[in-house]
Each structure stands twice: as C-alpha cells, then as structure tokens.
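The chains carry the letters A, B, C, D, E and F, assigned in the order they are written, with residues numbered from 1 in each.
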Amino acid sequence: MRSIFYLLDSAPYGSEKAYGVLNAAAVSIKMDATLGLYADGVYLALAGQNSSLLDVPNLSDILYAYPELRVLAHEPSLVERGLLSRGLVERVELLDEEDFVKLALAADDLIAL
Amino acid sequence: MRSIFYLLDSAPYGSEKAYGVLNAAAVSIKMDATLGLYADGVYLALAGQNSSLLDVPNLSDILYAYPELRVLAHEPSLVERGLLSRGLVERVELLDEEDFVKLALAADDLIAL
Amino acid sequence: MKTLTIILTDGPYISQYADMAYKIASRALNVFQVNIFLYLDAVHIPKSGQNPSQFKNSGRLFQELADRGAVVRACARCAAARGYLAEEDGSCPDYLQGIKITSLYDLAEMLEKSDRVIAL
Amino acid sequence: MKTLTIILTDGPYISQYADMAYKIASRALNVFQVNIFLYLDAVHIPKSGQNPSQFKNSGRLFQELADRGAVVRACARCAAARGYLAEEDGSCPDYLQGIKITSLYDLAEMLEKSDRVIAL
Amino acid sequence: MANRDIFLLTNPPQSKRAELCLRLMEHSEDPVLYLAGDGVYNLLDEALMREWPGKVMACNEDLEARGLQAGEGVRVPEDFYQLLVEEMVAEGSRIYSF
Amino acid sequence: MANRDIFLLTNPPQSKRAELCLRLMEHSEDPVLYLAGDGVYNLLDEALMREWPGKVMACNEDLEARGLQAGEGVRVPEDFYQLLVEEMVAEGSRIYSF
C-alpha cells in the first residue's frame, strides 16, 4: 500500500494551509496516511479548540473524525513553543527528532503543502 | 510631508512581495518614502542581479530608477545571512538594530506587506 | 473625520486577513472614512460568484463595506495579470459592484490623505 | 510510463511556484504521464483573460501543458469558494479550456497511481 | 491616551514579524499590544506577557478557536476590533501592524 | 543512481523548510540537493556546500537573477529542470520537495 506523509508546518486558523493539509490527508486514508506536525504546525495539537465564534471548521475535530490517520508531532517543535506542558489532543503521538525524520523519509511520498 | 517606511522582509524573485513593495515605494516618492530591508528582505541588496534569463523585472534596477527613495538595510540581518562580505547595491545604507528600529518607529506610517 | 487606509495582499480564504480587514473596517466606518486597497493576491477578493461552503463569503463582506461607504480599490497591474480587466470607468465585469480597479498611484494618494494606515 | 503528480497551492504571479511547475512538467511530459492538482490558491492559475505585463502568462503555460497531455485538475471546494463554478462535466466558463474542476478524492486517486509526487 | 502606539500582531511567536514587533514595542513610550489571528499564540510566552501588564489585548474568537486562554494581566475585550478602532481614532495614536 | 534521494529546495536558509530538508538529507544514504528559486540563497552558506561536494545542483536562471555565483563543488547544469526530471525518472529514486 502506498504510504504518504503529509507535513503541516503552519499554524491552524491563521491560514488555510492546515485545513487544506487535513482535507488532503482525510481523502488519503485508503492509503497508509500520516500527518506530521512540525514547526508552527504543532499548534494544531492544542486541546480545547472551539472555532464556533470564528465561524470556521474546527480543525482538531477533523483529527478525531479520521481515526485511520496517524498523527505525529515533532517534540522539539512543541518544546520550542512551550506546548509540552499544555493539554494536547489525545490523537497526537509525540516523536523525537530522529524518529520524526526517519518516518518522514520512509514514506513513499512526503507532501509539504 | 507624510513619511512612510516600507518594510520588506521577504526574499526577492521567489515571491511577488519584493516587487510589490518596490512598486508601492516608487509611487510614494512625492512623500518622504523609505524602504527598509529586514530579514530575508536584505537579499535585495546583493549586487549583480540579472533577471533576464528568469524573464522577470530586475528588482535592483528599480532601486536605481528611484534615487529619491531612501533604502536601508538592517545590518544584523545581513550578517546572519553571510552578506556583509559580499558586493552590495551601492544605493543601500546599512543601519544597526537600534537605528533601524528608531527610523521604522519614527515614520508616520510603517507598511509591512 | 479621520481617514483610515487598509492595504491587503492576500486573497480570500487562504488567510484570515480578509476577515480581519472586514472586522476592522466595519467598525471603523462609524468614525473613519475608510479606504481599502487590494494589492497583489488581494485583487481576487471582489470576484463575483464566490460560494464558500465553510467560510464567510469574502466578496460579499467587501461589497457590504463598499455599500456602507468604504472606498475599495484594486491595483490595476495585479488585477490585469490575474485576469481582471477594467472597463474605462474602472469597473470590472468579473467584480462585485462598487469595487473598482485603479492605478497604484491611487494608493499613494490614499496614503497621503490618510491619518492611519494598516497593512494586513 | 511512470506517472508524476505535481501539487500546487499558490496562485499565479505571487510566487515562482507556478513557473517552476511549468518548467518541471514541460520536460517531464517526455518521460512521464504528468498530473497537476491545483489546490487552495492555485485554483486561480487557469483563470482566463490573464494579461501580465512583466511576467509570463501562467494560464497559457498551464493550458499548453494540458494540450500536451498533462491532466490538470482543480479542487472543487477551493474553486467554488473562490468563485469558479464547475459545469456538470467539470469544465468552468471562467477557466481556460482543457483544465477541469474535480473533487479532492481525485487527488487521492492521482497519488495512489503516481510514481513520484512533488508539492510546490 | 495621547501618543499611544498600537501594535497589532497577527503572526505567531518566533516569526520575524513577531520579533520585530516586540522590539519596536520596547522602543515605544506608550505601547499597547493587540493580538489577533495567529498572533494570539504569543500568549503562550507567559514571561513575555508579564512584561506588559495591562498592555496586552487578545481577540476572544481567535483565542477560543486555538484552544488558548489569556493569562493574568491580559485583557480579552468583548469586542476586540471595536476597542482597536476606538484606540486608533484617538488623537495622537499610531498603528503598527505585523 | 539506484535509490537516490532527490531533495528539491526552493526556500531560503534559516527557513523551517530548509532546516528540515538538510536534516532529512543527513539521514539519506544517497542524497542530491537541487536548489531552485529562493533555495539558491543556500549557496551563501559555503561551509554547508562543502559538506556535499558534487551533490549540489543550482538553477542558473535563479542564481543570475539573485546576483549569486556557485562556489566550488556546486554544479550549474545547462538545463537544471531537464536534469531533475532525468534523475526523477530513474528507477528507485525518490523526490522530496521543500
């Protein structure tokens, strides 16, 4: 089965990139699809998102809607942003630098939008 | 006279931002217009640009076409990018952190596109 | 009345800036003359026929601002490159009504007459 | 023949990516089946009527790729939001000929059948 | 409120824009920081926020969307943009957006 | 050329994309770096370029536009994109773009 690693490195809500990457990952779940949160992309891992006042889709809900999707976060990026001590979305697996890079390299395709 | 400080913080050619900021500064020369190169914007200061093969306008030529425009570069940004030892466009004045920030604050309008 | 000019460079939906500009402008209209200059990708904002399923319709928000008295103008060079051609009076068949295409020199004029400027 | 899929997310002129994709695709067409998926702001690339004064016409470059056999498709959600509405056959009156609007599921299908994928 | 410098920050921490914004603030005599969009992620830097007690405003809808809360000393106005406009219209104020 | 990993970098130094690209390269057994667009600014880091002798290709039109020259050990092919496509079509190659 073809494996795809989607890399998200921009913050959710400020730009459409996160929504775009999530939708692309969601339609890819018949393949072996992984979403890797890196740099500002790790903000997507923050628990308690409620976008109703902003009147846009809740992006962390999309993670729960597709349990087939493996969701990884680059731990050094979380640390740099002070997120490690915060409540995080349970779906997200933390990976150290080495493992994150290895998985990104191992997939058939690495797609950074 | 109204003074405007245009801040360019993205690299030329890769995006239209530099061209856009230059054009906006060029139409503003009846006012007291300054172009401040900061972060990746300092790449615009590199001498010897020749965009004919890329088939887009030569952006450093625009600097020479508008001598009324004051062009500043943030020296720490140049240092970080290894540009201080390179040939630079003569039009560009180097400013240290303190002076750059002071001039940016002093203008009536600071426009970062 | 003071004048506020807002400069936008992003198109609709790709970022929050069009929405933010709307929120600022819609409140500012009570106390400012509001100018909005659509530059670079922002010339896509007034395109007619937008039909977002999950977001607010940016085109309609900006048309509302124009209806309420904001001067909304798009850069002619950026618009022509992207396929929005101006009629002689600056209107554009692809654009929502009330939003015109104009030369970049109009931005300079807006700035000269503005008390506050925000670039988003 | 191997298949190459190129995914674009920027509109024309705002960045070099449309030009780069053209340069890659135009050479790749000799040795690959080439798919191009226009996502997010890239759905603006096939708009008709583009008239850049200083840059190469992105729309025409992509139409040339389609004429030469590249499959060029635009995301339906992104396109509808931005005012490009598809006819039943996926064509769009605002688009240059040969470039169609399609569901994001077609991206997944393109990827499944691709040997190489480049996102720009 | 005379000569107040309003800094509207819409970019996340560690971005060049956020860095420059904060450096300009340090050179301002009467700064106030308005955080909107991805700018609200700057609230995660609690030490930074403590440097500017009472001087930081955050946009409620942007906070909630991103799962953030405002810490002590940070104001979350009911209508963030209304307050921003009121400060902007005040005589002598300046607006800087990053 | 079997199992060659092609890294196409279009982002400038210090960007998160450039950093990640270079880290992935270090984990690759047979990497080659293609610099195009603002990626060519990475040539300014001469130490970095010396790490990958013969493994770095730069796009001529992007170099010239930006006023850059390729240093020693960096190849500037006559048709950068043609060479890129030839490497991509080779059996076992992979392409990573940043």
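Assume contacts are C-beta pairs under 8 Å (C-beta built on N, C-alpha and C of every residue); 3 or more make two chains touch, one makes a residue touch a chain.
Predicted, not measured: the structure shown is a model, and the values here were computed from it.
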item: Chains in simultaneous contact with subunit A and subunit E; value: C
item: Identity of the chain that, by mean CA position, is farthest from subunit D; value: E
item: Taking each chain's C-alpha mean as its centre, the one farthest from subunit C; value: F
item: Same or different contact residues where subunit D meets its copy subunit C, judged by the half mark; value: same
item: Chain pair with more C-beta contacts, B-E versus A-C; value: B-E
item: Mean-CA-position distance for subunit F and subunit A (Å); value: 27
item: Computed distance of Cα centres, subunit E from subunit C, in Å; value: 25
item: Residue numbers of subunit E (touch at least two other chains); value: 10, 37-38, 94, 97
item: Junction residues of subunit B - those touching two or more other chains; value: 13-16, 40, 56, 112
item: Shared-contact residues (touching 2 or more other chains) in subunit C; value: 13-14, 16, 40, 55, 77-78, 117, 119
item: Touching pairs - complete list by chain label; value: A-C, A-D, A-E, A-F, B-C, B-D, B-E, B-F, C-D, C-E, D-F
item: Subunit D-facing residues of subunit C, complex; value: 11-14, 40-41, 44, 47-53, 55, 59, 77-78, 80-85, 94
item: Of all residues in subunit F, those that touch subunit A in their complex; value: 5, 16-17, 20, 23-24, 27-28, 94, 96-98
item: Contacting residues of subunit B [partner subunit C, same complex]; value: 2, 4, 16-17, 20, 23-24, 27-28, 30-31, 109, 111-113
item: For the subunit E and subunit C complex, residues of the former touching the latter; value: 8, 10, 36-38, 79, 81-82, 84-86, 88-89, 93-95, 97
item: Subunit E partner contacts - residues on subunit C that touch it in the complex; value: 2, 4, 16-17, 20, 23-24, 27-28, 30-32, 116-120
